[in-house]
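In this document, chain identifiers A, B, C, D and E correspond to the written order of the chains, with residue numbering beginning at 1 in each.
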Amino acid sequence: MMQAPLLTVRNLSITLHREGKHLPVLNDVSFDVAPGEVLGVVGESGAGKSVAGAALIDLLVPPLRRSSGEISLGRDRLDLMSPRQMRNVRGKRVGFIFQDPMTSLNPVLSIGKQLTDTMQAHLKIGRAEIKRRALAWVERVGLPNPERILKAAPHELSGGQRQRIVIALALCAEPEIVIADEPTTALDVSVQAQMLDLMRTLHKETGTAMVLITHDLGVVAKMADRVAVFYAGRVVELAATSDLFATPRHPYTAGLMGATPAPDAEGRMQVVPIPGAMPGIGALPSGCAFHPRCTRAQPDCREIVPPLAALEAGLAACLHPLPREVRS
Amino acid sequence: MMPGEVVSVRDLSKTYGGKASTIEKLLGRKPRGLKAVRGVSFSIDRGEVLGFVGESGCGKSTLARLIAGLMAPSEGEIVFNGKKPRLQMVFQDPFSSLNGRWRVRDIIAEPIRTHKLRKPSEIPGRVAELLEQVGLSAADGMKFPQGFSGGQRQRISIARALAGEPDFLILDEPTSALDVSVQAQILNLLRDLQSRLGLTSLFITHNLSVVRLMADRIGVMYLGELVELAPAHDIFTDPKHPYTRLLIDAAPDLDPIDRTLHPIPGELPDPSRPPSGCSFRTRCPYAQPLCAEQAPPLRKGNGREIRCHFDLQPQSLSVPE
Amino acid sequence: AEFRFAGPLDAYTLDPHAVSNTLVFAVLRNVYEPLVQRGPDLSLQPVLATEWTQLDDLTWEFKLREGVKYSNGNDFNADDVVFSFERAKKGGMSSHLADVASIEKVDDLTIRLISDEPNPVLPNQIVNWFMVDQEWADENGAQEPGQADNSTEGFANRNAMGTGPYVISSRDPGVRTDFAANADWWGEITGNVDSATFFVIANPSTRVSALISGEVQMIDGVPPQDAQRIEETNGIEIVATPDLRTVYLQPDMLRDELIHGGGVEGNPFKDPKVREAMSLVIDTQAIQQRIMRGYSTPVGLPIAKEIEGSTEELNTPVTPDLERAQQLMEEAGYADGFQVTLDCTNDRFMNDEATCLAVGSFLAQINIAVTPRTQATARWAQQINPPGYDTSFAMLSYSPYTYDAHQFLTGLAVTRDADGGRGAFNIGGYSNPELDRLTTEIGAETDQEARSALLAEALTILKNDHSFIPIHQLQILWGLQEGVEVVQLADLAYPLAWFTVPE
Amino acid sequence: MIIHAIERILQTLVVLLVISFIAFMLITTLGDPIGLLLPPDATMAERNALIARLNLDQPVMQRFLSFVGGILQGDFGLSYRTQQDVGSMILERLPATAELALVSLLVTIVVAVPAGILCGVKPKALVSRAIMFFSIAGITLPNFVVGILLIAIFSVQLGWFPSFGRGSTVNLGGWTTGLLTASGWQAIILPAITLATFQMTFVIRMLRTQLMEVGQSEHIRFARARGLSETRIWFVYAIRNALLPTVTMLGLQLGNIIAFSVVTESVFAWPGLGSLFLQSVQAADIPVIAIYLIFVGAVYMVINLLVELSYPLIDPRLKRRNA
Amino acid sequence: MTTKAILHNARSAPGPTFAAFAILALFLYAFLVPLFTADPFRLAGMSIMDSFTPPMWMVGGNPNFPLGADDQGRNLLTAMAYGLRTSIIVGVSAVLIGLILGGSLGLVAGFVGGRTDAIIMRVADVQLAYPALLLAMVIDGIATAMIGRERSAGLAIAIVIFAIGIAFWVQFARTIRSSVMVERDQDYVAAAQITGRSKLAIVLRHILPNVMAPVLVIATINLGIAIITEATLSFLGIGIPLTHPSLGALIRNGNAFLQSGEWWISAWPCLVLVALVIAVNVLGDHLRDHFNPKLRGRS
């Protein structure tokens, strides 16, 4: 990346406090996002993707706590901010899209109320202007009859319509970056494609940077400029999307791709499972966390925690990365 | 009913709700029911895996529950070959499908005990055997389901299903709640069991790749109707119904170079007020005036069934809206 | 001056003829008036009658007071008395007039009461017979006393119109009653109360609080245990006077078995020795000191000391003697005792429940295992009252409004009549032909001296038979703000006309 | 919506009929009114006459029907104890109890709502824990003890409030109100607080649990992620969601409030329905007990129906589609 | 629970742990003391001359009556153990009645649904209008009228238990019903149905164990309410007679002496009652938060 990064995360660690113990949930995670860039974050469930996302704007609730790490947005250190300062970052500078459109909206307040409240909190503009913008946003996310929608309660909208509103809510104060935590996982394929299409359009229009958290490699392939692969609380690979799909270097990345059902050259469907399961919190194996499931594991994998190291293109945390040409 | 068939379903419909209260009856009001499944017919041959795909809410689970006998159909019938076969089902949610108060070994033994498939003394051995068959250890039988991950729970579910020695297995989205890597494990396990035990099954999912991997024939459902039914290969290489085509295209593939998205336009209509005529016409790029007026008949031929007035031509495949 | 006072219960009704209830009379005597009434010294005093004479064995003549007006301005005359007689006869207090067979108007200011049998104490019996204005009753459809079996409420139930010193200016039944002085009253208000409010405060501790905080100037029904504290509080004092109500026990002596008891064949209470033993172990002094805190008078008869017929000698409480009692029990063959349920009230008078328990603990000394059963008065009465008499042992109380022991004897001591006349409230079914004979004789005896002798003879029999086990005579306990002067009457009345309050 | 309301009202009527039947059976089983009505020295003839006059010789069903008929015509019978018309007795006592319940509700809302919100928002704070502890004490101390203590402190010691009664009242077309006079307000404070202690506990706990639950919901996280202020989040976004269960609970608690008013009224000599009921129970005044029970049932049903009809105002999800 | 777990609990939740120990201590007091002492309520052992003995550290105190004696001369220390025992028996039995009655009705309503459910729930609505206090007064009256006068102490206790228990059923029924309605749609129930288990077996073996947690919470909290209700009934003069007293009856009895200076007669039972109910509630609250699935992850 040539440009100065917009968001920088350095050595972010998060712990879980349970029965007097501090268990690592996220370990030394570092990444940046350039202005206007889409960073995909993938990994299995429980890898720490959502926790990382929430930590960026201090949305962690006990028993989770950030134990170390620097988070900078532009020149500002988010990790040093007071709750009050943080409130002015949330929504205003960093937008957030939650996974489940069914539960993300307050069920007892009208769409319009939720939209105008959000704008009012951040934009110093008059009532009428806010109303106008609210209408514009509803239209912009592709909903018909915006007047009616603003008056509607969330339950009167379908899942797809609600997710559009959630997107509008995240973007309405014109943030510099949006964190989208599995924005399409709860949606059907047909709606998912619509939603991705919408996000891509808005992204192009506003130039907002985006962190797109998902566990669907297909989504990443279509949306992301770069991809960070999470495994057991660490970033195990970070590369440009095309590089990553063409030549995954970390065995876990390759495993994920193999496990996704896809037709082979003859059109026959294939899946190659990764054996075993991701370790739970507090049950991390020594050395490389992936070594018990890794077909390439060597004795040293059991002892050394591989650092995220630069390879020819991108970064990987593996002592024995796959060679460049491994992917057929 | 043909000789090789295990189950045959005829004109199956299910309407939810629709009971009027006394006062509504007095006022002569008819509440609108929700027709979740509408006139679905198909049959499954012995040893065959029939797949069903469709969007959320299109009636897949309702269909599965009807066949499983968990509720009575509003119309139509389900005919089994010979006496009622032993049936088992694997559910989508690995967390709600196992009773958290029971030990795994009791969960698995329940079908054996209920149908008296083994002598009581043989049950522990059988349970251990089943646990190993699904890739768990016999010692796991002593634990409670809470101690297992989603994938492991799904294995337990499968073991329970197998314990009932089913003639017919219904799998309702058995991997939708799982991660890709775990999904791959379960799919492989199922495929393995399939080939070893020759199970007849109904495999329901919303993931086209998964159904393509698992099923011999595939039915596509839209708004409670079966819109297309064909051998798996044909569905993907030569989809005849516009919905099938659009559905296949809508799923993003793993190609980071061609980044085009193919969303299906519009939204799923309210299932309690399906559109007139063809139910897909509101989203169909090829819809004609006829589609609004007449419900398309189910056309059969070449081992395929399709509910559309027209034949989709290959050249029109890429026609954008 | 204005006077505010509180008591535990409200008069059920303002209708003077509807029920026979002390509380109703206590409130109504400020509004309605009888022909004759008791004064502070308990002697009979003229009220609406100025003089009365017994013309013959069966006839009493009453001269009516002249110039008396009802508070609505109507004149009081003999017609009203005749009307009130007929009206009262239809009501719940008709028993007060049971001995009067008919009434006769001689002239506008003279009437005669005629009885079937000779009755030397008839005037004593009619002190609660209040006079109602005939025109007023006619105008308001109140010709008959209200009774629960009528489907509509009687007018006189909530409205009162009498000749008395006060009128009821407003009333909220069960809550408060306001009195205002009747400017046209024929008599003279000796106190200075020209308006008064009576509040009903059922909870004793709230009542005491209301007095201490000065919200009311007087409370009725001070719990004896609180009396000392009240006395010690500045500006507040206690006044007490004997209540003629006497508390006693009566076992069932009629049935052949104990219906609420056991551990024994037959009915041990039939044996006078057992009854004597019981009276010998109940330490009435201890009850007086511990439970009543001194505010009661132990008695030796089931009637109060002030009652006509009571003598110092007869009415001295028994001295407890455990040894003798045990010996008697042994002689009777009940050394090992037996079990019996004692039926008591728990809301009728002060510390009735505690007294009941204490009795039980005393009787335990001679192996009579008592199970106290305490209930609200309504239930208790429904159980033990005629016609059921459903008890084997009961704690009772009585206060003859004639202030004459003969009333006690006819109602409670003579053998029960089959048709529920005499002896109806002889709950224990006691029967002694000699006493029956004496009681009849007393009723007809007009010579006072001979009558007293007969009364003494009858009460001696009663005492020797131990068919009633007396405990104590209650006291009326009022708490007062300093400076309030009251007159306490033995019949619980609140004679407001005689009260003085600081201006 | 309207259909739903009509349906509920019809069901309520059926239920009320059942209650009145039970209440009527009470009258007939609670023993023999004759024994209470007649003087003990009544003759057999008088007895039989009364039995005939009260229709006690007729079959139970017929008597029930005429009982219901009487109620429909506003004839509730007479009290055994006071010989007053039961209907008017109840109506006369109603305002006192209604105002007591209302003011205690007010006290509850003023005290418990902020306390409950505090406890829900900061469940771990020391104040919240203290509030929770005292709120437990609220249902632990029996109502009558609370009342007696309040009287001892505020009436006897400090002399701030009267220890009994309603103060002076104003009659507004049959409804006597104490809320228009200073002494009326003074008098209602202590009983209202006593009655409120019980409900307060429930409201505080309900709000706390609800807010704690809502506080963890996705939409609150989302609101926070959008940078809304905490005040706005709790007082606008969260409270609306916690309100419905709280209001419902208050409605359902009404029965308890009515019941506890019996105790409170008896302690404070409050001239309401509760004292009337207690007096009637002690005197076995069955007509009053029966009508009281029917009345309480009816009030309960009506208020809960109103509460239910108000749901859509609080939560739009509960609007019926076919309104 | 292991010792370690208990220790951990004690540290993370000192209030509930303390409450649990307090409950244990009170139970021991209530059930052990009567085993070793003479019944202070047996009239035979009572002497009115001991009445109003103040606590032993006060002037006029007597070491035989460490906490003093009441108006009948009963030793308050032992009397309270008996009273507490009665209160606990009343509370526990009432809750059990409510639980069994409400539990089974709730199970039926939730599982069968439809008209059965509607009827049960309407009856529940009616029931709620008549809480324990009203009910107990009425039932007490009816029982006296119907069963007759032979109202031994035992029967009075039974009536109070019954009345309070009856009033509790609704809460149990509602809770169980809503849990059952959730559980009934869980896939493990469907699995059992497909397997061919009978309805009864499904309800009893599968659903019941899964709906018990919230019920236990309600049970603890209602235990406190039951004990208070009984005390209040005693105050109103309905309920348990002084010959077999509960804490409530002792408090009511002592109330008469609050103004006269003999504070100890009501103060001790009040204290014990408050301690018991607070302890039970603290524990119940803790369990409620603990079992609330919506609050998972908080504690």
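Following the convention adopted for this analysis, a residue touches a chain if its C-beta (ideal position, glycine included) is under 8 Å from a C-beta of that chain, and two chains touch if they have at least 3 such contacts.
Treat the numbers as computed from the prediction; the structure is a model and nothing was measured.
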Winner on C-beta contact pairs when A-B is weighed against C-E: A-B
Longest centre-to-centre distance from chain A, chain (CA-based): C
Interchain centroid distance [CA atoms averaged], chain A/chain E, Å: 52
Cα-centroid distance, chain A relative to chain C, in whole angstrom: 90
Intercentroid distance (Cα basis), chain D paired with chain C, Å: 39
Residues of chain A whose C-beta touches two or more other chains: none
Per-residue overlap in chain D, given as positions that touch at least 2 other chains: 31, 148, 152, 216, 266, 278, 281-282, 284
Residues of chain E whose C-beta touches two or more other chains: 237, 255, 258, 297-298
Of chain E, residues touching chain C in the complex: 42-49, 51-52, 71-72, 144, 149-153, 237, 241-243, 255-262
Contacting residues of chain D [partner chain A, same complex]: 216-229, 232, 236-237, 240-241, 314-317
Chain B residues touching chain A - in the complex, by the definition given at the top: 55-56, 149-152, 179-185, 187-188, 206-210, 212-213, 233, 236-237, 246-247, 250-257, 259, 261-264, 267-268
Touching residues on chain A, where the partner in the complex is chain D: 57, 59, 61, 87-92, 95-96, 98, 100, 103-110, 114, 117-118, 121-122, 153, 155-156, 166, 169-170, 173
Contacting residues of chain B [partner chain E, same complex]: 65, 68-70, 87-89, 91-93, 96-101, 110-111, 114-115, 157, 160, 164
